[in-house]
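Common to both upcoming complexes is chain A, partnered first by chain B, then by chain C.
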Partner chain A sequence: MAVIFETGGIYRRLIGAHLRSQMQHKVSFVLRTLGTFAANFFDFAGIAVLFGRIPQLSGWSLPEVALLYGISSLCFATAELFGGALDNFDTVILQGTFDRVLLRPLDALFQVLTEEFALRRLGRMAQGGLVLGIALAQLPVSWTAGKVLFLAISLVSGTALFLGIFVLGAAYCFWIVQGKEATHVVTYGGDFMSNYPMDIYSHWLKRFATFVLPIGFVSYYPSLYLLERSDPFGLPDWFRLMGPVAAAAVCLAAWCAWRGGVSQYQSTGS
Partner chain B sequence: MRLYWEVAKRAFQRQLAYRTANLAGLTTNAFFGYVRAAVFVAAFTAQGEISGYDLRAAITYTWITQALIMVVMLWGWWDVAATITTGQVVSDLSKPFSYLGFWLARDVGRALYFLMFRAGPIMLVGELLFDLRWPRSSDVWLCFAGSLVLANLVSFGCRFLINLSAFWLTDAKGVGALVFTSIYFLSGLVVPLRLLPEGIQAVALALPFAGILQTPADVFLERVMGAELVTAVALQAFWAMALLVLSQVTLLAATRRLVVQGG
Partner chain C sequence: MNGPPGPAGPVIRVQDLRKTFRVALHHRGALGAVRNLVERRFKEVRAVDGIGFAIQRGEMVGCLGPNGAGKSTTIKMLTGILTPSGGDVEVLGLSPQRKRKEVAARIGVVFGQRTQLWWDLPLIESLDLLRYVYRVPAERYRRNLDTFRALLDLDSFLNTPVRQLSLGQRMRGDLAASLLHDPEILYLDEPTIGLDVVAKHRMRDFLREINRERGVTVLLTTHDMADVEQLCSRLLIVDRGRLLYDGSLREIRDRLGTERTLVVDLTSGEGLDGSLNVPNAREVRADGPRRWLRFDRKDTTASDLIAAVASRYRLQDLTIEEPEIELIVRRIYEKGLDLTVPVKSAGATL
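So, the complex of A and B:
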């Protein structure tokens, strides 16, 4: 217990330092937050523009797609707020600063996570939350206590799933340090594909996003449950509730990959 | 002229060093191309044509725009701003060449690299996964080549101006991020601008940013032909000239300011 409190204290102090430094340039902070809000606003605007020309996409209406988008965007932005430093992990390895991390008496992953805490990502969270709110207000969902609880759990497990994917992406750098951009297929790409119903993808991608890297559990399967839609792949009804299990599996795999990477890390040499 | 040729050649060769990085970027661009195309396939099941594009044209639109992202360097580009912040710009400015020409030559070399090693392969992947629509005559290819050159000039002009703002603003990236974000949408990457509601569409198509992706894609797809084609490319040429002149004027204003600060 004492260890957890101590680590929590260090985390608060490190993040607090990041926040104070970002607040030194308030205009810059406001502009960047607006920038991240706008970038994602345009992404959703693209979907809305498309729906101006078509009534529905694979049987999904605009508010229904907005639900997918809102959940995915909010989860991804939250994961990025806490794990954004992982996306720059290749430079940590390339510059040799990871050696310094390993010398300190604190968990390596914990140290890397606290390297960055970009508050501008609140702009993206706000955008995702806004779209989610509008979608929920427009959809004729018959709310029960169970569904409210399920939505809350889904948001947490979706965030955990994306965080796990970020850790996997960082672990990839232990083996292939050039070409970090390929991991964007599952990070940014995972968020992007979660904006749309999985019905539109090919069979292999659906299977991959369900059984291999279960990105479908971020927004698609939870939305099937909330909207009481039938599963076009004919999977049993309980399957769509498995988001937390999927997230736990991804996080476990990510932790193993990270540990494996750290143990065989040999520094960059010169 | 010889100097700029050498600068462009070096910029091209510099990129050759990043083979793995290019392969990784290629994978990402192709994945987004696939997802965007899948959205269009689903959208077209109910109707045969949207805003003058049929399914094949719409799929090709997603792949050609995805292929050109790195050629026109749509994401953040801060090379010039970085030299301004570090002060290296002073030594660059004192060298006996056109500062604008130097950076333009570098950008041309970079763009050529990405045209050969990024755009080409991505179009091949697109062709393997989907049946793309290719230009049907050499005239179209020729117009496309011209439009692509202009697209790069327009894109370079926008990027150069954003970077020059670092002379005046301590946080050019903050302001620049907002502009890059708008370009991302107004270039036609997210959705073809022709899908926008009529009024907004006319404005969006008249802005310089449409010349970065929308116009070359429309030329490639023969979505614009005849008089419409001439107008679209002429507008691109106008914006390219205007932005380059504005860049040069801004640069002069900035150097005058730099001299005042110096010493």
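So, the complex of A and C:
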């Protein structure tokens, strides 16, 4: 317990240091926050406009899609809030600043996570939360204690799943330094995918998003449970509850990849 | 002495250490770019190729070698940044790779080229953060900070953001930062690179002080022979990933660094045509009234040579240049280094 408090204390101090550094460039910070908020606002507006033309998307109504979107958006933004530094990890490797991380008596991944606290992501979290709130108000879900608890767990495990994917992407940089674009296909692609019901995707993509990179467990399978919909793939009912298991598997794989990457880190020449 | 009194025996032990880097080879041209995607070829570069040595507690050791010799790579393996491709490393009885965090808590590292401080924050904030990162008790932190503020004269820029510091100030800040947690070993990679003469002196004085007063074992890499001369009783010479020499500075000097250069400034308007003619020395370079005379200490002493020059020409100023490390390393390659032959009496030196 003491260890957790101490670690939390160090995290707070290092994040504080980062935020004070960031405030040295105030204008850039304000502009980026506004930009993020605007981009996300138009993102969901696009989906809403789509539903003005068609009443349903593969059998999903607008509030139902809003539920998917709200959960995945909230999870992704929260993961970015804590794991924002992982997106810039290629420059950390290129500039050799990872050396400094390895010289300190703290866990390397922990230190990398303290190098960024993407406050501007609060804008997107608010937007995701808003969409989720509207969806929940409009949907005729019969709420039970179990469902409320499940929604809370799903938000946590969805966030963990995205964080795991971010770590995987960062670990990839140990081998291929200029791998950022490939990483974005998976991170932003995954976020995008989980905004829509998987019914609209091709068969192999659904399998991929279920068994290989289990993005489907962020919002799609939890929504199936909350809305009490039947699984179009005919998977058993207990399967849609496996979000935490999928998240744990991704995080475990990410941790192994990270460890492997650190052990073969090449530093920069000099 | 600070820190727990470690077990007897060396604090650093390295055996047959190796590091091989895989460097991607690229095909040239537009077609080559496509080929790079499908076919990746690698070249193996042996940065460190079988190095072994041991350093005892309290020693101050200098590691010399030309660029790309493998000095930095060796330090990076000793500090746990890089994983060796082969061989053994033990620091304070632990593997710096497997026990990275434990080792990190007991060593200090300063890289001359790269700061360990928070770039955008005032120096004092970096020091304060490191106190938590290294879990330094408040009382000990205060005591150490007071000591370093006095020794390194930090007060005038303690509240200045690191990015605004001069190189000399930043290095002093980095030194303080690396020692706040009372490390048992201090590694310095090119600590004096780019510093002016005053800053170099201050740096060397400080290193001597912490070695003597705090018993910190120091291992430094450098290009600068003077760093080693003024600080280190022991010298490691590394080139092309191999250890060429492990011993005292005096011995290598006597054996190989026998040629020095006397640089004289003549009073203008006198004997400036043609080269100087002095016994036991040859003019290797001339630039107006300034002349470079190379001499071997086996043939003459610096004071005799100066006397000889002064008796023939009117001198305005003079300096003596020591042999460059690159020159010494080249000589080791050309002539080999046979340590079984006893050193001949080298005669008086200046």
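We take it that the second predicted complex is superposed on the first by the 249 of 270 C-alpha atoms of A that agree within 3 Å, B and C clash if a C-alpha of one lies under 4 Å from a C-alpha of the other, contacts with A are read in each partner's own complex, and residues count from 1 in each chain.
Definition applied: contacts are C-beta pairs under 8 Å (C-beta built on N, C-alpha and C of every residue); 3 or more make two chains touch, one makes a residue touch a chain.
The structure presented is a predicted model; accordingly, all values stated were derived computationally and were not measured.
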>> Tell me the contact category for A:V148 with respect to chain B and chain C: first, second, both or neither.
In response: neither
>> Between chain C and chain B, which one touches more residues of chain A when both complexes sit on the common chain A?
In response: B
>> Quick one: is A:G9 in contact with chain B, with chain C, with both, or with neither? Answer first, second, both or neither.
In response: second
> Of the partners chain B and chain C, which touch A:K180 in the superposed model: first, second, both, neither?
Replying inline: first
>> Per the contact definition in the header, classify A:R20: touching chain B only (first), chain C only (second), both, or neither.
In response: second
>> Just checking: does A:L34 make contact with chain B only, chain C only, both, or neither of them? Give me first, second, both or neither.
In response: first
>> Going by the contact rule set out at the top, does A:C256 touch chain B (first), chain C (second), both, or neither?
In response: neither
> Which partner does A:V245 contact after superposing on A: first (chain B), second (chain C), both, neither?
Replying inline: neither
> Which positions of chain C touch chain A when the two form their complex?
Replying inline: 21, 68, 72, 76, 79-83, 97, 100-102, 104-105, 109, 111, 113-114, 116, 118-121, 125, 129, 132-135, 161
> Quick one: in the complex, what on chain A touches chain C?
Replying inline: 6, 9-10, 13-14, 17, 20-21, 24, 96-97, 99-100, 102-107, 263-267, 269-270
> Any idea which chain A residues touch chain B in the complex?
Replying inline: 25, 27-28, 31-32, 34-36, 38-39, 42-43, 45-46, 49-50, 52-58, 176, 178-182, 184-185, 188-189, 192-193, 196, 199-202
> Okay, in this complex, where on chain B does chain A touch?
Replying inline: 18, 20-21, 23-25, 27-28, 31-32, 35, 38-39, 41-43, 45-47, 50-51, 171, 173-175, 177-178, 181-182, 184-185, 190-191, 195-197
